[in-house]
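Order as written gives the chain letters A, B, C, D, E and F; numbering starts at 1 within each chain.
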Amino acid sequence: MSGARTNRRQEAMALLERLEPEAPGRVADNLDDFHPQALETLLGFAFADVVSREGIDLKTREMLTVAMLGAMGNAPGQLEFHLRAAMNTGVTREEIVEIVLQIAVYAGIPAAMNAMSAAKAAFRAREGA
Amino acid sequence: MSGARTNRRQEAMALLERLEPEAPGRVADNLDDFHPQALETLLGFAFADVVSREGIDLKTREMLTVAMLGAMGNAPGQLEFHLRAAMNTGVTREEIVEIVLQIAVYAGIPAAMNAMSAAKAAFRAREGA
Amino acid sequence: MSGARTNRRQEAMALLERLEPEAPGRVADNLDDFHPQALETLLGFAFADVVSREGIDLKTREMLTVAMLGAMGNAPGQLEFHLRAAMNTGVTREEIVEIVLQIAVYAGIPAAMNAMSAAKAAFRAREGA
Amino acid sequence: MSGARTNRRQEAMALLERLEPEAPGRVADNLDDFHPQALETLLGFAFADVVSREGIDLKTREMLTVAMLGAMGNAPGQLEFHLRAAMNTGVTREEIVEIVLQIAVYAGIPAAMNAMSAAKAAFRAREGA
Amino acid sequence: MSGARTNRRQEAMALLERLEPEAPGRVADNLDDFHPQALETLLGFAFADVVSREGIDLKTREMLTVAMLGAMGNAPGQLEFHLRAAMNTGVTREEIVEIVLQIAVYAGIPAAMNAMSAAKAAFRAREGA
Amino acid sequence: MSGARTNRRQEAMALLERLEPEAPGRVADNLDDFHPQALETLLGFAFADVVSREGIDLKTREMLTVAMLGAMGNAPGQLEFHLRAAMNTGVTREEIVEIVLQIAVYAGIPAAMNAMSAAKAAFRAREGA
């Protein structure tokens, strides 16, 4: 089974690199330092089992993720990461503005204001890159 | 100003009809019975001001809405409505399956199981139509 | 200490009766059947320790409770109870309409639609009384 | 229609000024920098369409907003803003203490502890003004 | 890789059977009817990858699950399932009462009241079994 | 009644000291500075009325609290406090890793990633103590 398991970690890392080229090393250090199986268990599920599936293209998946994280409001750091990842996979600033406005409809104005702040930080990070 | 206001109600109703052709009459009765301005205030914002905007096509917007409602889990009836609306605007069953799996990543397995039940109900409603 | 404890249960029941005259018996049966101390622990805190405090009148407190339950969306049955209680403590239907609209601003349109449905059920219950 | 639209932005700004006299310029810059229609779409709905309505006075509306934001816990910065706005519209410190305690009943002790910290920050900001 | 994959489904079903002996068939039908990989993706993660891990015994894990589902309040049906599963893995009624009271502390009285109702339904189901 | 009341404050402080020996003074100052009855009302309920009850040992209660706060995601500071308290009452690092993974199942990967960061901060605080 270790063959399948090694693949799952590698698949997760490969997807993460598509989201943000600099992310894999940093994220792997962060998770491996917590528990040797944390990366495969959490990101293997997230990225190898689900987000890398066909059926919806990666750009649209990142739009969905930004909308969900903005609506739930429980993970500001990860919202900002996925806003950068959204742009890395082809989502335009205009589309991000639209997602922020749509968050207001389904989760309220404060959630949208927080998402707007995260979007502006992601825009600045991209300009600074 | 009443001209602009009338337009806003009409724009909301027009968008709602695109989501589900049978919906406008039922929804208008429901809201008008509560307060004469409830429809324009709530759906004018949701549908005339935001969801009918350009920048993201309606099909993708419904995918975002399904993802947000599934992740938040606070409005099962509206999740089922927007699953039907998603199919009415071109979202396929395969794409709905993918959204449900992605909800599991960002909001947990129970949220995804609830979204799966709502999706199956929407699938049945469409077959019965 | 049992004197103070008995008072706390009685204070909670007295406040509950102000919210809905028929409620104390039903609610006490429901909680006592679960655990002999459930009522005092839960409603002693809610009603004797907090809601019966001075500083904000009971009518305004019920407005706050309706707004919070509507915004959180996690307790539809209790939202409907507190909508009836709000009317029993002097909140008007017009004020309830305003609270529902304000829920839309801070928690989104679906939360407000659910609160509207609960409000309409509470209006009907009052008419049927 | 642009006349009605201009009014809606102005109405939102006028309400915002009643909440905090220094806010309109800062908030307008923040939203206009994101998208030219963000202010009207988001704050036009929040403040022109809903919060400036009659039926509930502004002081009571700010009490409702503080209760909702404290219970949801998803927007600490905006909770602190509305605590200052609450005091600006006549809510007393004693009333804010009562709202914090009531948040504990409906959303739990941690939500109330966070609201207490935000309230203390708002109290200090007022003293420093 | 299909060997590892088959094991993952089987491991998930084996854990589910420990939670409720009647559950595997019903749950498998429900998920397989949605998508052939839904069961392995969702329950493979939940039960094979996480809940069947050593480090915390299954009884304590079910207590944690009941507490989380009660606090979040977004999945009443699954809360009731896990209350039955908790009893099947050795959690006593007295312990369930304590968890319900602790939910009140961290998520508020309405969340605890909902958990109490779910607990009473699970108690009745067990008596009827 | 003041005898019972004094006891309740003392009982809350005694429980808090078991969670973190340095906490009582700091927490008492924080709450007393807000309102003279805040400590007894909030922590009297949390710690004297509920968490100090028999029926579940304190170590398991802290595991439940960490799971709930991690799943809800609304109180990062208190999650970190209860992670330290969990270790002070006998929860091992291995058990905390397991709780974090289980949070991922029931509340999603972002909630688990936040809980992991809080756990790592609590681990560092313990090493630095």
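In the analysis below, a contact is a pair of C-beta atoms (placed from the backbone, for glycine too) under 8 Å apart; a residue touches a chain by one contact, two chains touch by 3 or more.
Everything numeric in this text was worked out from a predicted model, so none of it was measured.
Fewest steps needed to get from chain C to chain F, stepping only to touching chains, is 1. Considering the contact criterion stated above, the chains in touch with chain A and with chain E alike are B, C, D, F. Considering every other chain in turn, the ones in contact with both chain B and chain F prove to be A, C, D, E. Chain pairs C-D and A-D differ in how many C-beta pairs they share in contact, with the greater number at C-D.
Rounded to a multiple of 5, the Cα-based rotation taking chain B onto chain C is 120 degrees. Comparing the centres of all chains, each the average of its CA atoms, the largest separation from chain E belongs to D. In this assembly, the C-alpha centroid of chain D lies 30 Å from the C-alpha centroid of chain F. Chain E and chain F have Cα centroids separated by 24 Å. Looking at chain F, one finds that residues 41, 45-46, 50, 69, 71-72, 74, 97, 101, 104-107, 109-111 touch two or more other chains. Taken as a contact graph, with one node per protein chain and an edge wherever two chains touch, the assembly is complete, since every chain touches every other chain.
Those residues of chain D that touch chain C in the shared complex are 45-46, 50-51, 53, 55-56, 60-61, 63-65, 67-69, 71-72, 94-95, 97-99, 101-107. Residues of chain D that touch chain F in their complex: 72-74, 97, 100-101, 104, 109-114, 116, 119-120.
Within the complex, the chain A residues that touch chain C are 71, 104-111. Listed in rising order, the residues of chain A touching chain F in the complex are 30-31, 33-35, 38, 41-43, 45-46, 69, 72, 74-75, 77-78.
Touching chain D in their complex are the following residues of chain B: 1, 3-5, 7, 41, 44-45, 49-50.
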